[in-house]
Structure formats: structure tokens, C-alpha cells
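The first chain written gets the first letter, and so on, giving A, B, C and D; residue counts start at 1 in each chain.
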Amino acid sequence: MTRTYNIALIGTGYIGKTHAIAYQGVNVVFPETPRLVRKLVIDINEEAGRTFANQFGFEGFSTNWRDAITRTDIDIVAIATPNYLHAEMAIAALEHGKHVYCEKPLAVTVEDAAAMAAAAALYPGRTLVGYNYLCNPIVQLAKQLISEGRIGKPLFFRGVNDEDYMADPQTPHSWRCERHKAGPGTLGDLATHLISMSEFLMGEITDVSGHLYTAHTTRPSPSDVEVQLPVENDDIVSMVVSYKSGARGELSSSRIAWGRKNRLAFEIHGERGSILFDQERLNELELYSSGGPAHSNGFQKILAGPAHEPYGAFIKSTGHQLGFNDLKIIEVRNLLVGLESESRSYPAFEDALRVEQVINSVLRSADAGQSVNI
Amino acid sequence: MTRTYNIALIGTGYIGKTHAIAYQGVNVVFPETPRLVRKLVIDINEEAGRTFANQFGFEGFSTNWRDAITRTDIDIVAIATPNYLHAEMAIAALEHGKHVYCEKPLAVTVEDAAAMAAAAALYPGRTLVGYNYLCNPIVQLAKQLISEGRIGKPLFFRGVNDEDYMADPQTPHSWRCERHKAGPGTLGDLATHLISMSEFLMGEITDVSGHLYTAHTTRPSPSDVEVQLPVENDDIVSMVVSYKSGARGELSSSRIAWGRKNRLAFEIHGERGSILFDQERLNELELYSSGGPAHSNGFQKILAGPAHEPYGAFIKSTGHQLGFNDLKIIEVRNLLVGLESESRSYPAFEDALRVEQVINSVLRSADAGQSVNI
Amino acid sequence: MTRTYNIALIGTGYIGKTHAIAYQGVNVVFPETPRLVRKLVIDINEEAGRTFANQFGFEGFSTNWRDAITRTDIDIVAIATPNYLHAEMAIAALEHGKHVYCEKPLAVTVEDAAAMAAAAALYPGRTLVGYNYLCNPIVQLAKQLISEGRIGKPLFFRGVNDEDYMADPQTPHSWRCERHKAGPGTLGDLATHLISMSEFLMGEITDVSGHLYTAHTTRPSPSDVEVQLPVENDDIVSMVVSYKSGARGELSSSRIAWGRKNRLAFEIHGERGSILFDQERLNELELYSSGGPAHSNGFQKILAGPAHEPYGAFIKSTGHQLGFNDLKIIEVRNLLVGLESESRSYPAFEDALRVEQVINSVLRSADAGQSVNI
Amino acid sequence: MTRTYNIALIGTGYIGKTHAIAYQGVNVVFPETPRLVRKLVIDINEEAGRTFANQFGFEGFSTNWRDAITRTDIDIVAIATPNYLHAEMAIAALEHGKHVYCEKPLAVTVEDAAAMAAAAALYPGRTLVGYNYLCNPIVQLAKQLISEGRIGKPLFFRGVNDEDYMADPQTPHSWRCERHKAGPGTLGDLATHLISMSEFLMGEITDVSGHLYTAHTTRPSPSDVEVQLPVENDDIVSMVVSYKSGARGELSSSRIAWGRKNRLAFEIHGERGSILFDQERLNELELYSSGGPAHSNGFQKILAGPAHEPYGAFIKSTGHQLGFNDLKIIEVRNLLVGLESESRSYPAFEDALRVEQVINSVLRSADAGQSVNI
């Protein structure tokens, strides 16, 4: 008989909606997974909570996030609140025996993140962090091809994560530009995806040389366009890293790259071949295998399809393409599957802590002007 | 107060599952649409119906499709059965005052299709046909750019729809190869998408010169690989067409194009510019506008985003990409919106009838060895 | 000891310059080829001839093309004049024992072309026609891969040749628009390249269904923009063809395709794989081979390199790219090599005659409204 | 009356042949340039010199490079010898009043390079260094678009230069792997192109943080595959740089990137737009300009054509493509034009010295573990 899990979602913003869509979808797309019951949604604004619950089929709503923690009929607490609130909520939930499904990044400070990972180690609840890009079947294929030895030992990773949401110098100043609210800029936002992707594929980063750059040092005040306010964090971050395996990497991320919308791209060069990926075409992977005939070798463009689990749960035909929201459905599938299995799902708090440690190391490295160990 | 529609789905196969996913998703993604209630699912196999209902949250199930027609609490009848059953079911549903949402193609014969369109004209129920590729926001953008005059008057359409599901000569013989079961081959399958796309963007086709080609004239029997059975219909169809507007077109489709998985691609050349699309990258459109500076003009690659309604209902950020299943959600949205508005949604039975008329004309043309009028 | 050939070039226009560049280059790039001596250049304008000879190192010049035919120190006559002059000059040259290197298309009428081929059969001189796109090493690779069986038996060819030099409806009327001067429009110009490419790769075309379309039926007079003059030939030609091998094809060509500059593109679908080419990227070929692992198969992008003879004569490194002018150097190499070998170079007059026969058949087919044999 | 320059070429290896092809081509393609006379070629091997002279039309040959320096009928000395010989030859040539056309990189040590630049400043002869990729018309377009303000102020440059000529760990050890013969590895080879490209487009680099990585620390001895010899220099170099303008950059280069053949690629992000280039498609540039309509903005793919001087000197039609050898012809054109004009051609010795200074700074930075000023 299929097990049922009751979930409580804290936060009804944009990412909250993405969660709700995925909660609805998971049992439809993956009928063999445990049932997920939308039990409770939390928003400090009562009206927002009621509307959200209504719209997305949650049984109840509350304005007090502690209800999610204390109610005994809740199995999973999902945290989709501003980042600075993650730690308190997650730790409390773990203390109360809940499983925790937390949005990325884990926390605003590495200390908070460490406390969260410590709690996860201490209490029985399972954890999962919302680095949903790792759930892409074609990214999983990259990992699989490496495991199969198709490119030999991976030697080098070069990755970027660029968008242009702050590319316009006239985009007004906001909390994103303030260090005490947002922490680092691109480093704490886009780069976290890139770091998690890099560790997923290449293993642990052991040292980093980090460089931060603020191209637009002031931005117009949102209230008065004539007033320029200082930008306190980075537009662009550059990292040169070593991996535990001995491989090297370069990670680069920008929020001011005009024309780039979702360019989390990487190339991996190995002893025997290479792999290329660009998330603006999230259903494609390119593979070069050395050793083919000299006159007819080249990068192969692989289209996502049922050969790349769990693509086939969505569509039966190659080349028909998954979308962003489908990746979130896979993530929730992973969450549920993880609760039922011996081995925890990836990335748990301890994995996501590593991202925060790398970020912290980049900050230390940029300050010190030299490489630092993680 | 939001209106509610009760839907009955006939058919629980692959496309039935796609429907179910979309029914679940539509009110989540588009909270402003009328409520869609999964009232009833029909399968001749009782167990299949029960399981499906359970899995996808239908209130009830039945083994008799006439229940969907006769029950007074059903507003919409969705037909996802083998094609030869569409006509009888759809006409009966219309006669009983139901709205009908029918999978493509409309019917196996143009006579059946015409009868369906006639019924749709006679009875009050609204109709919609599942040419879901038209729902792609970036395809809608193509239409919009034409309307805005960005390429001037469209003069030429060149389209292909290629897959490789029959490319292997060793793929066994099946009902798909028999004329009395499948009707035409590629012409009745892949080409229908291409014809509907072409008419959507260019307007009515008025005459056609059609050419059919069976490359693999026999295939191994599924029961005995030593026995070759005759293939009775086309692997490849080529059409040269005229549009009512005076424009011309070429439509070509193959089910034996190795490496092609979902290549519904077109280019439209107009008086002042061109548009390119390839469905294997369904979130991209290319636009060339004449008149730019000679040294810096070229095809512009547009990434789907919130500027392309209703992309933003799924994701807030450009370049994050919709998938195939999202297009079906948009289609169901269109169905519901169409029920509430003065103007019917596209494509209704009368629009889909045109596809069948073009197919029929291709057959006549191929027989006659010359162009025929639609 | 290396043999020497003296060449006389008739015509100093644009294509004449391309010839001159290639004559200079051939012995440098291919030092093992016979020496080519620029003996004589002909232009009816004396000053133009003198300047050209000077600039491009021709030993002499003349205003009378018969000098090229009659001088006993001339081995090869190259014809780069307006097309309607080809036949008389070529036949005269052959009669005088010369080898003839003639620009494409062979002639303006199929009768002239047939007479040229007949003369070539009668007299000892070798012939070569300037379909230089066939000289591209990566196109030769396409041919080789087919010979090697990499895509199995070729079943279908779909080719286009699009440019936009007449796309602007305001481009003035010219001789190109007059049937008695230009003959067919796109069919006699761009399409000739496509037909020659198609026959080179797929073998002889045996029948064709042709469709002509004039989108811009009038154009402004070059002398008075207020006056519209009639366009007497085709902007777009569509052909559906059969090959002797039993394969089928579609050939399509347009001179009004905004944004297309040199898009001679084709795809070949075979029993076991596919090949793709687009001349706007003339150093790339894509190959799909069926039978690879399901999770990692896809089109391979092959970059031209020394593995593709004679690329290595130009550059030692893959991916460094040949240009258009290099293809002409290869063509002149082929001319010289052909003079020294038993087997004639391709395409000779008899091969180029076939292109004219296909063109003629398209015209007949378009008139008749049905397929015709070549 | 057109001026004539006599050139002496020292070195008949691979790059020497490229020179010879370009010397032959320059006056054909650019008839308005001064005449270039192939006066003398030098090779220490007499037979090699004779053959080369013969093949490429040099009037004479010699085994003593000092002949090129001392003969009074020589105007230009071209140096295409192993890099460690550049300095002595170039300085001697300048001292004797010659113009010097030297292959890249300028020298093996920054001291030699500085001495060469000093000599160039002292003596009247003009200098040019063979960074031929800068001669690409589409790269010049990138520069022009920046000058026109099409992307606003450039803020960030991200460049790579990858090949795979050492990607196979079984590629035998050679002088390339020895520090005292080759100097740095990728840094002294591929990266020099990238640095020169970066400075050409972005201006002077003022500081750099450099990281070197040797992935394959040993390679088999060329004489005995069982013996592994140490690799003494870098396979991969990573640089984070600042420009004088205040902009930042990342430069990365690898000689072990399987599948990459000529990937000198960059992206430039500016205040108002972005530019993309990939040298494996050397006739294309992509441009994103902010401010277009939200629903139809994207990267524009510009094809090289006559609008990009001096493309039109080679071919009259856009999209027909230049090749690698054509870039060298443009370079020789620049050499000759530079001799006739007030302003020197780029890059002269002083410009190329900067590349060596950056290389030297990378070495110092890698040693010091921190950024250094150039």
C-alpha cells in the first residue's frame, strides 16, 4: 500500500507557486511515488494564505510558520521563504522530527548553514535542498557518461552562469545590492547553482581563488532616480578551483550579461573526451569521444528522451522536451523517493553546506588576494 | 464567482495520460480560468479505468463511453481514443449538448471529419482539436510578428515535420502500415501537424500538388521476422501548395528521417523579413528584419519568456523553457477560455476539417499526378 | 619533369577575378600539380584587358576571343563570359583542340548545352565546368561517407539553395528578370548549384515535378522608379524528383529569402543514418549513424580538417577553415589533375548537360502541370 | 606609380608556406597595394631553400639569414623561424634599416621581446607581428561595434582558446613539454592569441591573477613508449585580469580540450549589449543590443560580407566565407599599407611586447599565488 506524506509549505511567493505546481504534478507524472498531500500553507498575510490554499488545493492555511513545525499531521516542511529565515525554520522543523525540503541557497551565512547541517545530522528527518537544475535528466546523463568512462578521467571543468537581470545600469537599487540583506551578489545567487552543478559532476572543491567585481558601483534610488545609491556586492564573480580528484576548474558568473537569460553552461574536458551543456537548451548535451575515425569524429548532440530517466515519465518521445517546471516535479519525486529509501537524496543539507563553504571561501580569497582552502 | 466545468475523458492511453496531467495543471498554472473537475474517465477495461481514475483524481470511471455523453453532469467530453472512433463519439456528444475536446487528427476519412464539423455547426457545444503545437507561445509569437508586419506580407512557407520512428527497415510491420487501419502513413500522422501549423500561420491552402513515397515497401512480420509484409502507405510526403493569400508553400514530412525526433521546422519568407522555427528547440524563434544596418544585420534568436503570453504563467524568467506537457496545459486553458468567450478557440472542428481536406487532396493529387484544388 | 599548361581566360568580370586568384594560388597550394601559366586574357575593352593582365600577371591580353582559340601556345581556354556566349566559344575551342574550363551554367538553352557536350565527346580536349561548391572537401566527405555505407542506402534528399539578392521588392528590374536574356530566374541561377550537388551525391535524376513562382511580378524600372516593369521568370522553384537509384528528393530554391546569403543546404536520409550540410558554414558536416547507444546517440558535427583531402594542402590544422576562394583553387587543381589522368574530372560538359536537362524538364513540367521524365 | 617592396623570408616550415601563399595572393586580391616582390628565401638547408624558392616563385635563396639583413635590395625581412631566433634576427634587421614582419609570439623571454621593441623604437623600420586572427574582418567588426557604442562601455571580457593537440595522454613527449625550449606551454602558445585578441578589443591589461595547471605530468618518450618523461609546462592556463579602462576579464586556454580545434571564443558584456565570437565559425559574429522590443529581442547572428572591409576584396557576396589563409593575406596587406601610411599597423613590436609582458606576469603571479601588475 502506498505511503502518504503530508506537506506544509512556508512561503507563497514566486518559488512557492513553483512548489505548488510540482506538488500537484508529482503523483500524476510518477504514480508509483508515495502520495503527497497538500496539508498546510503558511503566509504571514492571512488573505494571501487563504487564496493560495484555495488555488493550489491545500487543505488549510495559517499565518504562523510554527504551526507547520508543531502540527503532528505534518511530515514534510517545505521552506520557500526569504533566505535569512531558512535556518531557524529548518532547525526547528528537524527538532520536531520533520523532513525538511528547503529552497536554495541553504542560508545567508556559512555559520547558519553549518548549524542546519549539524541539525540534519542529529535528527532523523531527511533533508533536500532545491538545486533543481541537478534534476535535469540530461545533466544526470552527463554524470552517467562520466561514470561510464566515456570521457575518461575528468580533468577540467569550465562553467558559467550568466543572466542579465541587473545588466541595465538604470535598474534601480534594491535589497539585492545591500550586503547585509543579500550577502554577496551574483556569488550568493547565480553562482550557487554553478557551484552545486560543479560539485555534483566533479566532486568536492578543495581550494579556490576568488575574484569579485562590481561593474555598476551605484544604482538609482527606487524612490528618486536622481539619487545614486551604492551597490555593496558583486556583479561578477570569477573562481579558479581545484577538486579533490586533482582536476581543476574555472567558474564564472554574472548578473549583468546582456542577452543571457539562463546560461548555466559548462564544458568538461577529460582524458578521452569532452562534454558540453548549456541550460538555455536544457534538453541537449554534447559529447565528444576521442578514438573515432579521424574523418568523421565530432561533438555529438544528444537530445533528451526516454533513455534518460525519468524523462519517459513525462513524454514517451525523444526531442519533445521537458521544461523548467518539470525539473521541479523531478525534484519532488526525488524528495519522496528519498524518504522511502536507505540512501538519502542529493543534495541534502550537508551537500548544500558545501556550496556555502565555497562561497565563504571565495569571499575570504577575494579579501586575502590569494587562494584559500575550503 | 468562477464557473466550473465537469470533464469526461474517453481513453486512458498515452495521450490520455497527457490529458490528465494537463487537467491537473491548468487551474494551478492559470488560477483565473474556470475550474475543471475530473468527473469521469472511460475505458473499456474496468480495471484500467479504475486505476486511471485513482491515479489522476477522477471522481468516477466507466466502461461505456455513452455514459460520458448521456450523464447530465458532464459539460465537456474529451476524446482520446483511436482515431476511427472520434466521429461517432464526437457527434453523439454534440447532439447531447456537450462541448467536445477531440484529439488530432479529427477523423480517418474526410467524410467523417465533415460530418463532425457539420454537427459542430448545428449544435451549441464548442469544439477544440488537440493540435497542441499551435499553443506554443513562440509559435504564437511567429503569428504575432506577421500580424505586426515585421516580415511584411508572407510570400513563402517551407515546412518539414520529420521523425525517425520508422527509419529502421527492421522495425516490424504494424497497423500503421495498413491503409485500411491507418489511412495514409506520414501524411495522416506527422504531416497533419505541419498542415495545421501552415494554415495557422499562412491562412487557407487552396491547391496542392502531392507526392507520396514508400521507401521501405515491406517490413518484417511482427510474429516472424523471416516474413516480409507489404507497407501500404507513405513514408514520405511532399506537397507544393498555394495559399488563398497568393503565397506559396512547400510541406514535407518523413517518418524515416534518422536522427530527427521532433523536427517540425518552418521558415517563412516575407516581403521584408523572415522567420525560422524548429520544434526540437521549442523555446526559440529566429527573426530577420530587412532594413537594419548592412554591417550588423542578421537573424535574431528570440528566447521564449514572459513577453510571450502565457509563458509567464509557468515561469517568470525568460530562457527557462517550457516543455511539451506545458503546451497541453495551454491547450486546456484555451479550451476553458473558449467556453467563456464570444469567439471560439482555434482550432475548432471546422479548422481541423481543413487539415483532413488537404490530406484528402494530397491523396487525390498523388493519384492524378497533378495539382488539385482543396 | 612537371608539365606546363598555358591558359587563356575570356572575361574579366567578377568571376574572372576569382579565376585569376585561383590560377595564382593553385601551384602554391598544390606544388605537385602541373604548372599553370597565365598566358592570355581577353576582354573586348582593351584598357580593361591591359589592366587585368597587369594586375593578375597574365603575359598578354587581347580584345578578340578567337585569339584564345587559335593561338597554338594556348592549352586551356577558360570561359567566364555571359552565359549566352559559352556555347560558341567552347565549341570553337574544342574544335581547335583546346581543353575547356567553362563557368556554370553550361548554356542558356538545353540545345546549346547538348551541342557543347556533343563537341566534348567528339574532340580530344578535356572539359570542366565551374560548379565549385562540389570541390568543398566536406562535401566530398559527404560523398565518401555515403560510399562507405555510413548512412546505408540513401533514400531521400532534401535540398535548398536560398539567397536574398532579389528579396527587396524595390530592387530594380534588370536583365535577370527578362526571360530572353536570363532564361529562367532562380531555376537558371541558384538552382543549378543545387541540382549539380544533388546529382553529385545521389546520382541521376530521372523525373521531376516542377513548380515555378514569381512572388514579385513587377519591379521598378531602373530608370524611373514610378514605372513598374514585368518580371518574366521565377523567384522560387520547387521540384520533387526521383533518382535512378529509386530514391526521392525535394529541391527548392529562392532568390527572395530574406536573411539567407549562401544557404545551399541539404539533408540526406539513408537506411542507416543521415547527413546534414549548410553552405553558410561550409567547413561543417553533420552525421547521424543509427545503432549507437540509445542514451548517447545524436548528430555529430564534423569540422573540416586534413582528414578531408585536400584541406591539408591549405592548412595543417582542423577547424581553421577554408574559404570560398579556396574552393576555386581546388577546382583548378582538379582541372589540371584531370588533364594528366586517365579518368576525366567531374563535372565535365556531359555532367553539366544533365543540369540543363533537369532545368528544361522543370520548365516542361511546370507548363504541363505534371511530372516529366528527364 | 605603385611602390614596390622586396621581401626576404627566413624560414620555410609550415608557417613559411602560409607566408608564401599570402605573398602571392596579396597583390591579386588587393591590386591597389604596393607590389610585393619575393626576392629571397632563407633556409639552412640548401635543397629546401631551392625547392621552396622554385615552388613559391622567390627570385633567390640562401642558407645564411644574414643575407636577408645585409642585402641592400631587401626592404622587408619576414621571420618565420623557431621563436628563440626571432630576437637576434629582428634586431639585426632593424639595425640594417629593414622593415620587420615577425611571426608570433614575439620572443621566448620578455627580455628579448623588450629588446626587440626597443630596437623598433630606435630604428626607422616598421614592424608587424603575425597575430593574424586580429585581421579577421568580423573581429574588426567587433571592434567597430564597440567604437560605435553598440554595446555601451565594455565591462567584461570572457575568452577561451582551446585546442586538443595535446589532449591524448599518449601523445609523446617533445620539445613543447620542455620549459627551456618552449617556455610556458599553453600560456606561451594558444594563450598568446587570446591575450592579443583581448588587448585589441578591450585595451591594455593592467594586472593579472594567473593559474597554471599541468594535467598530464608525464608523457611517453618518443623513442620508448615505456618510458615516461616529465612535462615541465602548463596544459591549461587561467587568468583573471583588469583592464586600464576599469573593465575585467577572464582568459582561459587549454591544449587538452578534446574536440576543440580552433576555439578562440570570446564574449564581451557591455553596458548596453553583448558581443559573441567563436573562431571555429570565423565568419560569424553575434550581437545583442538592449532596448529592442521585449518580445522580439535576441542575439543577432551577423554573417561576414562586403560590409566588413576588406571581405569584399575576396568575394562580392555575404555568407560565402573567408578562410584561414585569407586572414594571412589581409595581414600582408596591412603590412604593406602600414609602410605607406603615417600611422603604423597593428600589432607592431610594442603591441606584441605587451603580450609577452602579460605572459611574464602570469608566470610571476602563479609563482606568487596572487595578482601582479603588468
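What we mean here is this: contacts are C-beta pairs under 8 Å (C-beta built on N, C-alpha and C of every residue); 3 or more make two chains touch, one makes a residue touch a chain.
Treat the numbers as computed from the prediction; the structure is a model and nothing was measured.
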{"item": "Each chain counted as touching chain B and chain C at once", "value": "A, D"}
{"item": "Pair sharing more residue contacts (C-beta pairs) when A-D is set against A-C", "value": "A-D"}
{"item": "Chain centre separation in whole Å, for chain C relative to chain A (CA means)", "value": "54"}
{"item": "Geometric centre distance via CA averages, chain B-chain A, whole Å", "value": "35"}
{"item": "Whole-Å gap between the CA centroids of chain A and chain D", "value": "41"}
{"item": "Set of chain B residues in contact with two or more other chains", "value": "260, 298-299, 303, 305"}
{"item": "Complex interface listing, chain C residues touching chain D", "value": "14, 18, 20-21, 24-25, 27-29, 31, 55-57, 163, 165, 260-263, 280-282, 303, 305, 314-326"}
{"item": "Partner chain B, residues of chain D touching it in the complex", "value": "141, 144-145, 150, 286-287, 294-303, 305, 307-308"}
{"item": "Interfacial residue positions of chain A with respect to chain D in the complex", "value": "151, 155-156, 158, 160, 164, 167-169, 209, 211, 213, 215, 236, 238, 240, 247-248, 250, 252, 254, 256-260, 267, 269-274, 288, 290, 298-299, 369-371"}
